[in-house]
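Labels for the chains are A, B, C, D and E, by order of writing; each one numbers its residues from 1.
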Amino acid sequence: MENNFEPKIVAFVCNWCTYAGADLTGTSRIKYATNVRIIRFPCTGRIDYNLLLKAFAQGADGVIVSGCHPNDCHYTSGNFHARRRWIVFKQMMEYMGIDMRRVKFSWVSAAEGAKWADIVNTTVNEIRELGPSQEYLEMSRQGVA
Amino acid sequence: MQALHQKAKELLESGKVQVIIGYGDGSGDRVRPVFISKAESASDLIWDDRCRQNLAVYLNKPEIKKLGVPAIVATPVVVKTIIQLISENQLKSSNIVVLVVDNDVVSELTDNASLEAYSAGHPVVFPPFVVKEIKDIAEMSIQQRNKYWQDELSRCFKCYACRAACPLCYCERCLTDNNQPQWVCVASHAQGNFEWHINRAMHLAGRCVECGSCTIACPVGIPIGLLTIEASRIVKQEFGQEPGLHCDADSAMSSFKVEDTETFIK
Amino acid sequence: MSRIGVFICHCGENISATVDCEKVAKTLASMPGVAHSVDYKYMCSDPGQSLIRSAIKEKKLTGVVVAACSPRMHEPTFRKACAEARLNPFLCEMANLREHCSWVHAKGDATTDKAIDLVSMLVEKVKRNKPLFPIKVPVTKTALVIGGGIAGIQAALDIANAGQKVVLVEREPSIGGHMSQLSETFPTLDCSQCILTPRMVEVAQNPNITLYTYAEVESLSGFIGNFTARIRKKAKSVDEKLCTGCGECATACPIKKIPSEFNTGLGMRGAIYVPFPQAVPNKPVIDRSRCTYFKSGKCKFCASKCPAQAIRFDQQDEIIEIPIGSVVVTTGFNIKETSFFPEYGYGKYKDVVTGLQFERLLSASGPTLGEVKRPSDGTVPKKIVFVACTGSRDPAKGIEYCSKICCMYTAKHAMLYKHKVHDGDAYVFYMDIRAAGKGYDEFFRRAIEEDHVNYIRGRISRIYERNGKLIVRGADTLLGAQQVEIEADMVVLATAAVANDGAESLAQKLHVSYDAHHFFAEAHPKLRPVETNTAGIFLAGACQSPKDIPETVSQASAAASKVIGLFSNAELTREPIIAVVNRTAPPLFSTCVGCFMCQSACPYHAIEQEEIKTREGKLIKMVAKVNPGLCQGCGTCVAFCRSKSIDLQGYSNEQVYAEVMELLS
Amino acid sequence: MSMQQRVIQHENLLKFLGEIISSGKQLYAPQKKAEKTYFLPASDVHSIVFDYIQTAESPKELLFPKTERMLSYEQVDGKLKMIDHAEGEIFPERVLFGSHPCDAVALKTLTDFFRHDVPDAFTQKRQDSLTVISVSCIKADDNCFCTSVGTSPGDTEGSDILLTPIGNAKYYVEVMTEKGQSLFAAHEKYFENSDIISKDKYLTKMSEVFSSSEVTARLSKAFDHPIWSDASLRCLGCGACAYVCPVCSCFDIQDEGTDKKGDRLRCWDSCGFSLFTLHTSGHNPRKNQSDRWRQRVMHKFSYMPERYELLGCVGCGRCSRACPADMNIKEQLKEITEKIEG
Amino acid sequence: MKIGLYPGCSLEGSSREYAESLRAIAPHLGLELEEIEGWNCCGASSAHQLDHTLSLALPARILAQAEKQKFPELLVPCAACYNRLASTKKDLANDASTRDKVTDLINMPYTGVTSVQNILEVLNLVLTPDVQKKIPAAFPHKVVCYYGCLLVRPASVVHAEKMEDPMQMDDLMKRIGATPLDWGMKTECCGASLSITRTDIVGKLCGNILEDATMRGAEAIIVACPMCHSNLDMRRKEIERVTGKKFSIPIVYITQAIGMALGLDAKSLGLHRHFVEVSVHGKNKVQQNVSSPSMAAVS
């Protein structure tokens, strides 16, 4: 049974590394799935975990968070702070029963155009396997009389 | 109890403090916070194992600050809270007197070092039922945990008693009161409750000293203390940092180590 | 109601090949808030830009979204176009339809839909943009150069000759640094004193340079253009104005046996001393740790002998505060002592010396007045072994980098030795010769061909003494690793060049990052080698990594040009993408509750504590305040702040929230 | 409509309730959850709790839910479609069993309050489709003070049917309204005739602690009295008391969604929060906690009686039990009668 | 001080004098030696050529046995055995999977709690100032100390601080009144196991060592490893044949030197077993050898 569900995926990326990496994917004309929309941030340190909650509440099926490799950060420590936040946030979400396989974290440098394409494609396939993200959407309708 | 009354009387009469924040008899067999500013009513203070609410929450309340330099009757977790508040620039150990009672011996802690020594000597011990709850949830699968928390949180009606009772929730305009943009839905439907409780846990990660006041305060009996206990557990396990031990400590979430490790960022 | 102009670019047909630009433009036209939506073949071309300018004027647009290539490419272009049409440039955003959409997807509805989503997302963002204005920061036109070696001298002279004020701070009693200790310099063998001393005098005479020797930086606060440096002038115990530099005091001082730092312990000096004859300033200092007066209160011979009565035993350290606009760090390097190397006797053998010590032996102003003599018994060594890569390129010793200058000065040492001791034999044990500079390899070949220095490719395993001789056991890898044993009279170790001591604490004072070996970290190894991550602080010379004099001087001039550039305009303008702490009406004044966790999270120390007081001066509350000069706009504090009291202009909470909502609705 | 007196055996009562469930009506009854009792939809009569003093949450949820969708909108190919949930929604038939007389009075007060000048369609429709079977109180704790606010452990006000436990598993049944009568008639077989029973001797004794009219009288002069600041020193400013109170009726309208689709929700609000009265200018007419604590008492015991002739409190004691800082309203009201001159 | 002892094969075989001198001086230094029961071969250099796991299992079994007998420390006089045991302890400490494999092999519990000590470390502990008072300047000879290789290398296993210029033995010799000379051959190779296959190389290398020591006027070379002793002493004829020079300098174990300083008789120190006549002796008069309880247990 060919699964042709087209997941909606949002990507929160940092401007100096992953956004530039995605630019490189473009200039090297590497094709990847159209399901991902990129939102530009100055640094991964700027990405607020509440945005993930809002994305899922609005019906996103998957989220990609990507930024500079450790020690590459243009602002020296933005990605280190982000890493700490995601370590705690991921385990808290799993503790409260939310399946974090829909969220992909990665480091993509400005030179890794191919890696960006690969991340997008693998994420789209994995989310397609997981199917539409219902649990979170249902949540936003329960408890209203 | 006598030693406490004596010490309170001395402090008030000497003018070293203008108000004693302590526990007094409440309605029925309950205990309520009392604010004693006259020496003769020092005997209203009581001290037994019913005294569990975290009184440090009153140290930042404008109406109490107006009363002058406070002394506070402190359980070990209150001492840890005060240390954490000092490390977050909310308090200075120079302008509060912390009274700790160990089998009827009252001692005054008035500087960072004595507070830290006392805190180090009194690690937090969870009551058995909490230990059991922690174990039960740890053994649940992710689906079971989802159902458990959805079921528990469905009772929440956003009265914010947990926020009000927590001494570390001292923001004058909380994230939830922020409507441009509305980060946390005001309505108490499943999404609004989830967003509130995960944000509360994230904000207390590495800061909560696990005093349990939030669980006590919740009128509908949701074990929300488990969320902040889990957040602190994650911070301790991942970054080896514990709140409420050092007055000059950098909070775990506002610092980092280059060698922090994780397995999920590819 | 906002009036947004949307301009969809075909980019020739880079975009229109797979994205239906007309459909995108039409769809966006019906989006609430969009007043103008067109597509055009080349938006970045002049007609394209004039399209934007005219639309702004005619339709009185309050915001512009250009959907074309990556903002990293043409954002400045389109923002300038908007500015020309008198629309605040920061009300113009770009949607990346080329690199992120047309080039990476096949032609089809999915691609066009994605384009529509991306553009509508940016429209929602622009609706919530605020007009922003470049930040103006005043600049103090005085530079602080820390370190008086050749790097510091060159930088100071360049800045001063450009008409700007310079404060040069040197830790030792005299400027000159390691270069002043050298005999002759490769590859031209001209005497280092002859080329350095005139520069040192020029520094002393230049009216724009204020020279503080025997002084250290106590602290540096503030930010680019507005630093405040506190300098500790250590007490010299000599009144510089009265002292004529006659040297009577030095001869009178009864203490003679203090190993001279300048002569690397081979020569001696008194308790009151001038480090070397050509010292600038040529005024003595008293070494208070060795002077009898400071130990027992007796002696004072120097004071009695001083014709100008310039000795001041009661002089105290002095701290002076100077407003500084920019800092150049030129603190140089140091070399490893022989005691660091177990296999070469842990510094036990007197005749095993470092390269710097050998320089002193070669130097005419050195302890042996230029004659090569063995420190143990003063005889002229007939057989001398030079050991390259001592400590460098050796992970076991924790120094895995190459010190870059040793190959060249070792060849120079061998050459000069042969010039002075014609019948002597010189051996050099080496791994690889690194002589890549201009005229370097020719110089090294001359050492072999003309001065007959024996180069043996191999490392030596041990040195030990046997009846007065130094037995050097090594291997010659070009002769099939044959064991070689040389009975040498003297061994010179080209020890590793390491960071100067105190480099780490200075880096912490300046908030400049440093690497594992305590060398200062440049902002970008290839593109910004003389800048640091802290705006306004520049680097030059060996403090950044070991390098020879030509490279050091060129870096010094480069750093000087950065400073001159900074000082060239009255004010410093910076992109207004910075964080701002919110201010509200009383009684709240700001939703910030002063936990200051943002302060410890900020990599640029850009967040300060501000006191909000009543008119009578009573403190109401402490809140965070962002220094616009230092904040680089990373936004870590914004996502971190629990009460959302701090927001980033250009990527505000409202904007990113709106982007997510629009994208998924 | 004559007042028939009936009695019902406990097991018949269970059958009666069982039949209500099987008849398709939603039965809400007190059930235990993590050491507290709540009014929850009951699917199995055996899980119903009979001997409890007070539930954690009040039954107001049935009339005035904590989050209620008033209307929703959606852009369908350019055109805006609006659904008004007061009309569109069908409100199912519901039966509340096990509420005490104070709660029944509270539900009546609530509907009267929401019917004042512009009637609120939502609460009205919910009230019409709700039948209340109350159970008189045979025990109470010292948080209760219903007799001091004009009601009593056996008050029939607001209930469609009132059962009073008269010992050996029998209840004295009083049917008060048509709704009660029609429900009673539909399951008459479970009831037995009986002569009039004076139920007072079965009810719990509850002495009057203060007179509410006396409180109302004194409150009109108590606005600047220091009594408020002393008591409210320990109040933490949460919303627990307001949200567990069966009579509190303040709400906040929230619009959630984007320009394409969204909902307008009505959610509970509490005068305990400072945000409740915060002006956009930053000024807050009720600056500190004592103002807000005063507002809570004044609204219930002074403003409501003055404007709506309704007393804003039924003495159920839930606010005192729920308060983390042990603000005891009964104690406060007693103090008002003692410390503020008439 | 009670301590476990792992003698190893050399101390029972070719270097019996090392064991005899150790047992002779032990009681005088307050050292109570208790041998490992049923100890096995440590694998020496041959094991780790053949099979890495075997080379870990053999020493692990010894350490496991030491744990069974509850020894906090284990004295391993022979340098080769010491090196094998110490490096096994380190390898197993941070490699749980190998540790499990080895514990299965030797089917004994192994936790790695016993600390492995070489002769120099133990002597350093027991040759206390008050013992020194008993033997002032009792061994007045100019000596050179030869450490060889396994006592000081590899640095990660053997934490000798100045690996290239060790001073522990020199320090011990000073304590018994000797004057250790500075010389270059402290850690030079003696040819070790080549002594069987290539005695010519051993001859040349040991020749260098002997020549340097004699040239500096040393009256004896002090060693603490059976292999060094056998190459420098037993192979003396071979060395003289290869170098064509005569060397009469004796090779003395550190334990024998201390024994002589204590005035114990030559036979109890096993000096009679040497190939090169021992021309140095202690100043004190010869005492009768005190019988120690451990001796009884062994013989």
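Everything below uses one rule, namely that a residue touches a chain if its C-beta (ideal position, glycine included) is under 8 Å from a C-beta of that chain, and two chains touch if they have at least 3 such contacts.
Every value quoted in this text rests on a predicted model; they were computed, and no experiment measured them.
S.K.: Minimal path length between chain A and chain B through chains that touch?
M.R.: Graph distance in the chain contact network comes out at 1.
S.K.: When you check each chain against chain C and chain E, which touch both of them?
M.R.: Joint contacts: the list comes back empty.
S.K.: If you average the Cα atoms per chain, which one ends up farthest from chain A?
M.R.: E
S.K.: Go through A-D and B-D and name the pair with more C-beta contacts between its chains.
M.R.: Higher contact count goes to B-D.
S.K.: Please compute the C-alpha centroid of chain D, do the same for chain E, then give the distance between them in whole Å.
M.R.: Chain centroid spacing, chain D to chain E, equals 91 Å.
S.K.: In whole angstrom, how far does the Cα centroid of chain C sit from the Cα centroid of chain D?
M.R.: Roughly 72 Å separates the two chain centres.
S.K.: Taking each chain's centre as the mean of its CA atoms, how far is chain A from chain E in angstrom?
M.R.: The computed centroid separation for chain A versus chain E comes out at 64 Å.
S.K.: Could you tell me which residues belong to chain B and also touch two or more other chains?
M.R.: 183, 187-189, 192, 253-254
S.K.: What residues in chain E touch two or more of the other chains?
M.R.: Residues: none.
S.K.: Two or more other chains in contact with one residue: find those residues in chain A.
M.R.: In chain A, the residues touching two or more other chains are 54, 58, 77, 81, 85, 143-144.
S.K.: Go through the chains and record each pair that touches.
M.R.: A-B, A-C, A-D, B-C, B-D, C-D, C-E
S.K.: Which chain C residues qualify as touching chain A in the complex?
M.R.: Within the complex, chain C touches chain A at residues 70-72, 96, 98-100, 103-106, 108, 110-111, 113-114, 117-118, 121, 513, 533, 577, 601, 603-604, 632-636, 638-640, 648, 650-651, 653, 656-657, 659-661, 663-665.
S.K.: For a test of understanding, state which residues of chain C touch chain E in their complex under the given definition.
M.R.: For chain C paired with chain E, touching residues are 342-343, 345-346, 348, 462, 464-467, 471.
S.K.: Can you name the residues of chain A that touch chain B in the complex?
M.R.: Touch list, chain A to chain B: 49-50, 53-54, 57, 70-71, 77, 80-81, 83-99, 104-107, 119, 135-136, 138-144.
S.K.: Would you mind writing out the residues of chain D in touch with chain C in their complex?
M.R.: Within the complex, chain D touches chain C at residues 78, 258-261, 281-283, 287.
S.K.: What does chain C use to touch chain B in their complex?
M.R.: Residues 588, 591, 593-598, 600-601, 622, 640, 642-645, 653-654, 657-658.
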